[in-house]
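You will see chain A twice below: alongside chain B first, and alongside chain C after that.
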Partner chain A sequence: MTAREVAGRVALYALLAAVTFLVCFPLLWAFFTSMKPKEEIFHWPPTLWPQTWTLENYRSLLEGKDAYFQAGAASGTAVPPSAFFLDWFINSVIVTIGTTIISTVVSTLAAYSLTRFRFPGQRSVPYLALIGYMVPSIIFVFPMFLVMVELRLTDTLLSLILGYVCITLPFCMWLMWAFFRGVPIEIEEAALVDGASRLRVFWEIVLPTAWPGIVAAAIFTLIVSWNDYLFGRVFMNSMENLPLTVGVMHFFDGTHVDWGLMMASSVLMTVPMALLFMALQRHLVAGFGAGAVKG
Partner chain B sequence: MRFRLSDRQVGILFMLPFLITAATFIVWPVAEAIRLAFYQYNPLRPHDQFWVGLDNFERILDDPLFWESFHQALVWTGWSILFQTVLGVGMAMLLHTALPGIAVFRGLLLFPYIVPTVVIALNWRWIFNSEIGIVNHALLRLGVISENIAWLATPDMAMASAIVLNVWKYTPFVIICVLARLQTIPTELYDAAKVDGAGAMRRFLDITLPMLKEVLVVVIVFRTIWTFNKFEEIYLLTRGGPGTSTFNLAVYAFEEGMANLRLGVAAATGVIMIVLLLVGTIVYVRVSGFGREEKPA
Partner chain C sequence: MDVRLERLSKSFGTNLVLKSLDLTFPERKFVTLLGPSGCGKTTLLRLIAGLERASDGQIFFGERRVDHLTPGERNIAMVFQSYALYPTMDVAANIGYGLKVRGIPRPERTEKVGVVARVLEIAHLLARKPRALSGGQRQRVALGRAMARKPDIFLMDEPLSNLDAKLRATMRGELKRFHLDLETTSIYVTHDQLEAMTMSDLVAVMDQGIVQQYATPEEVYDRPANLFVAGFIGSPPMNFAEVEVERADGAPVLRLAGRTIPAPAQFDLAAAPRRLVLGIRPQDVRMAAIGEPRAIPGTVWMTELIGSERLIEVEIAPKLRITAEVKSEIRAELNAPAAVAFDAAKLHLFDPGTGRALPRRA
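Up next is the complex of A and B:
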C-alpha cells in the first residue's frame, strides 16, 4: 500500500467511526445515564463516563421502589408505576412470542397453499396483502377495539396478540408467498410421485427449504409486536396488563421525571431486540431487502 | 388403511386459518371503520349510534385543526424523506467500501431501525431536555448557541426534533435498500470509467445514480406513504404539542377518537387517510412496475 492509500483508509475509518458514534450516541448516553447514581445524573457539566458506577436504577426498577414519583397520580393507584415493570416485561414477551407463532404459522400455511393449489382469485391475494401492509395501524386501531369489545377481549393479552397478528399477517403473507414462488416445485413433485403424502412432503421437504423466509417473517413480526405502542394504549386498561411500551410512558405521570429509572428501562427494553439483531442480522437484511426492494 | 387427505383438502385446510383470521381481524375492522365514518359514536355510550351521513367528513373539512395537521404532515414528511434519502445514499456508499471490519459498522448503523420507538422517544426527551440535556450542553460548549434552546417546547424546534428522530430511526431502511442495489452494480463499470479518466464525482453521477434511480423511486414512495401516516414517532415525543404544532393526520385521528371520544370523526379521518394512501399506492404501482412483471420473486 502506498502512503496515499493508507491515508485514504485512515480517513475512511475516521469518517465511519464519527458517523457510527453520532448514530449510536443516544443509546450510549442512555446506557451511561442508567449506570449513574441520581446526584450524578443532574451533575453539571455532565460527563459521558460515569464517575461512580451503580445498578441502583435497575434495582429500583425491578424491586418497584422509587422516591421520585408522586405515586401513580394519573393511574389512580397508590402503587408507583415502576412496581409493574416486571409484569409489563413478561406481558410483552408473551404477546411478542404469541404473535410471532400465529403470524408465521398462518402465513406459511396459506402462502404454501396459494402457490401450490388453485383457488378462485388466488392471484389477487398477495396484492391485497401488500395493500393491507401499507394501511397504517391508526386506521385499524379503533375499529379493532370495537371488534375486541364485541368479542369481550378488551384488556387481555389475547386482544393484543390478535391486534398484532392483524397488522403483521399481510406482510408475512406477502413475504412467504414471494418465497414459495421461488422454491422449485420439482422435488416435491418427485416425492409425491414416489407416494409420499402431501403433508409429509410439506413437513420434510418444503419446511426446511422455506426456513430463511420463515425466519425473515418471524423477525419482522417480533420487531413490530415488541415495539408497538398504539394498540396497547387503546386496548388495555389495567396497569398490570400493559405491555412494556405503554407502561414505561407512565413514568412521565408523576411531578418529577426520574431520568435514571427512565434510561434503565429504555436499556432493558432494547436489550432483547439487540440480542435478536446480533443473532439474526444477516436474515434481517435479506428479509427487509426482499420486502422493500421487490415490493 | 391409513387416512389420507386429498390434495384439494390439504389446500383448503392450509388456507383456512388465514381466511378466518383475515376475515375476523382485517376485513371486519376495515368494514367497521368505513361504517363508523358515517355514524356518530361515543364509546362510553355504545348503544346510541346515529347515522349522520357525511356530517363527519364535513366537520373534518371545516376544522382548521385538520388542515393544520395536514400541512404539518407535509412538512414532517418532506423534510424527513429528504434527509433520509440523502443520508441513506451517502451512508450506503460509505458502507459499500471494501474495508476490513466494515461488517461491524454495517451492523451498528442499521441498528436504529429495530430500536423501539418508545425507547427513542425516551432518549430524545432526555438528550433534548432544555435544562439538563446533553445536546444543549454540547452546543453551548461549542459556542454554536449562547443560551439553552427549548427543543420540545417551541413549535418549530419540536417539529425539528421529531424530524431528527424520524431520520435517525428510518435512514437505516434506506441504507439497506440502497446497499442491496449497490452490491449488484458490476465493478467493471467503475474500472472502465476510471480508465477513461472519470473522477469520483463523475462516476457517482454517471454510473451510481442512474443505477440507483429505480430503487430510490420505490424507497421514496414507500417511505413517503409510511412517514405521512406515522403516529408513534410524533405522539410519544411531543404528544402533538406544544399546543397542536406537531399534529399530523394520525395524531389528529387519535385525539378525536381517544381524547374527544368521537370515534365516528376518527374513522372518517381514517377513510380520508386511506384515500390518500390509495393515491400513493397507485403512484407506487406505476413507478415500480409491480404487478406487470410476473417473474418469480
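Up next is the complex of A and C:
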C-alpha cells in the first residue's frame, strides 16, 4: 500500500468513525440514562457514565400490572403507565409479526401471479400499486378509521394489522414483482420437465430464488409497523391495547417527564430491531439492489 | 422411441404459429428443426415437451398418446438456451433434482449423479453454484441433468447459441457423442445451419409454421425442395437468376442475361413453365477466362476475402450479380471485366409460381 493509499484509508476511517459516533451517541446516552437513578439524571454537570448503576427503570417497566396489583394497589390509586409497558410491547410484537406475515405472503403470491399469468391489468397493477404508495398515509388514516368503526374493529389489534397491511402491501408487491421479473421462467420450466408439480416448483425453485426479495419486503413491513404512531394513535384508545409507540407517550404526563422510564423504553424498543437488522442486513442489500436494477 | 405428430396446430390468439403439421421423428435419430426466428420451431419443441398445449392435433411417443400429459409425465429431458440451471442449488443438486422429484433415495441419487459427473468431466464442480461456472461448464451441467434421468426423448432448444465460436465447435461434437451414448431420440432446435448440417441425421427446415423440407442434410443441401430451403441453406447463400426456357435445334436451352446455356440434364423441362428461377451455389461457380465459350461475361462488382476462400461478385446484367467462391489465390480487380461459368450438373431450377424445385429425372 502506498503512502497515498494509507492516507486515504485513514481519512475514510476517520469519517466513518465520526458518522458512527454521531449516530450512536444518542443511543449510548439513552442507555446510560436508563441505568441511572432519578436524582442522577438531573445532576449538574451531567455525567455520561452512571455513578450509581440501577435497573430500577427496567424493573418498573417489566414487572407489569399483576405485580402492581399484588403489591396492594387496589386501594384506589391510579395504575401508573409504566405498569402497561409489557402489554404494549406484546401488542407491538403481535401487530408487527401479524402484519409482516400477511403482507409478505400476499405480496409474494400476488407478484408471482403478476409475472407468470396473463390477465387484464397485468401490466398496470404494479405501477398503480406504486402510485398508491406515493400518497402519505395520513390521507388514508381517517377514512380507514371510519371503515374500522363500521366493522366494529376499533381498539383491536386486528385493526392495526389491517391498517398496516393496507399501507405496506402495495410496495411489497411492487418489490417482489420487480424481483420475480428477474427470475427466468426457464428454470421453472426445467423443473416441470424434471417432473415437479407446479406447487413444488414454486416451493423448491421459485421461493429460494426470491428469498432476498422476500426478506427485503419483510423488513420493510417490520419497520413500518413497528415504528408507526399515527394508526395506533387514531385506532386505539384503551390503555392495555396501545402499541409501544403510542403507549410510551404516557410517560409525558403534562407536569413532568419520567426520563428514566422514557430512556429504558427507548432501549427496549430499539434493541430487537437493531438485532434483527444486523442479522438480515446482507439480504436487505441484495433484495433492494436486485429490485432497483431489474425494476 | 419414435415421436409422431399428427395434424398438429398451434395458435396464439389469432396468430397461427404451426399449421397442421405431420411429422415423424424416428427412434434414436438426431433430428434438427431448422429455420429463421419466428418460424415456429421452438413452439413445436415446447409442444413436444408439454410446456405448451396444442390447439389441435395429436402427439404420440411410440404408441402412447402424450398431448394431454404434463411435461413431468412424458419422461423427456430438455436443455434450454439459457441452460436454466437452478440458481440456488449446487451442481450435484441440479443434476439430481429430477431423481429427487421421482423419489429416488439419496444414496442412489448421489451415486448416479457421480457417474454422470464423471462422464461429463464435471466431478470436481459438484459443490459449486451455477453462477460460479463458465458457459461451457453450465452447458455440461444442463446435459448432466438430462443424462441422469434416462429420458425417452431428448429435446434441445438452441443449446449452443450462448457459447463463443470456439467452444461451440467443440460442443457440437460432444452433443452428437452424447446423443449416441444416450440412445434416445433427440430433437434439436437451431437457426444455425452449420449445427444442423454437422449433427443431424434428419433436418426439418421450417418457415412460417410449415415444414418446407424434411430430409437428410445432404439431400437438403444438394436437392433443396423449394426456393426458401435453397436460399436458407448454404453460406454464402445460393445465387438466383431468372431464366427463360427456349428451344434450339429441338433441345431446350436456358437464356440467362442475354446468353444461352444448355439446360441441365437432371431436369425434364418438357412440362416446365417458360420462365424459371435458376439457382447456383457460389461454390459451384468458377471464374472463367473472358471469351471462353459458355462463360457469362460481366464486371467485378465486389471481392471479399474469407480466409482460404475469396468471394467474387460479378455483375452479369444490370442489378444481377453472381457470387463465386474461389480459392483465395484467384484475384480480381474491382470493375475489371470478368466471366463466370457454371457446372450444369450443379444447377437448380425452380418454378417461380409455386417456389418449388422442378422435378428431377430419376
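Operating definition for what follows: the second predicted complex is superposed on the first by the 252 of 295 C-alpha atoms of A that agree within 3 Å, B and C clash if a C-alpha of one lies under 4 Å from a C-alpha of the other, contacts with A are read in each partner's own complex, and residues count from 1 in each chain.
Simple rule for what comes next: a contact is a pair of C-beta atoms (placed from the backbone, for glycine too) under 8 Å apart; a residue touches a chain by one contact, two chains touch by 3 or more.
Worth saying up front: this structure is predicted, and the values here are computed from it rather than measured.
In the superposed model, A:116 lies in contact with chain B only, and not with chain C.
Of the two partner chains placed around the shared chain by superposition, neither chain B nor chain C is touched by A:14.
Looking at the shared chain after the overlay, A:127 reaches chain B, while chain C stays out of its contact range. Within the superposed three-chain model, A:277 lies in touch with chain B and out of touch with chain C [touch as defined at top].
By the touch criterion defined above, A:158 lies against neither chain B nor chain C after alignment on the C-alpha atoms of chain A.
Look at A:197: by the touch rule set out above, it reaches both chain B and chain C.
Within the superposed three-chain model, A:186 lies in touch with chain C and out of touch with chain B [touch as defined at top]. Number of chain A residues touched is higher for B, counting chain B against chain C. Overlap of the chain B and chain C contact sets on chain A: residues 197. Taken together, the chain C residues at the contact with chain A in this complex read 49-51, 70-73, 76-78, 80-82, 84-88, 97-98, 101-102, 145, 149. Contact residues on chain B toward chain A in their complex (touch as defined above): 4-5, 7-8, 10-12, 14-15, 17-19, 21-22, 24-26, 28-30, 32-33, 36, 43, 46, 91, 94-95, 97, 99, 102, 105, 107-112, 114-120, 122-124, 126-127, 132, 134, 137, 141, 168, 173, 176-177, 179-181, 215, 218-219, 222, 225-226, 229-232, 236, 250, 253-254, 257-258, 263, 266-267, 270, 273-274, 277, 280-281, 288, 290-291, 296-297. Every residue of chain A that touches chain B in the complex is listed here, in rising order: 9, 12-13, 15-16, 19-20, 23-27, 29-30, 33, 42, 44-46, 102, 105-107, 109-110, 112-114, 116-117, 119, 127, 130-132, 134-147, 149, 162-163, 165-166, 169-170, 173, 178-179, 181-182, 197-199, 202, 223, 226-230, 233-234, 244-245, 248-249, 259, 262-263, 265-266, 269-270, 273-274, 276-278, 281, 284-285, 288-290, 292-295.
Within the complex formed with chain C, the chain A residues making contact are 184, 186-187, 189-197, 200, 205, 208-209, 211.
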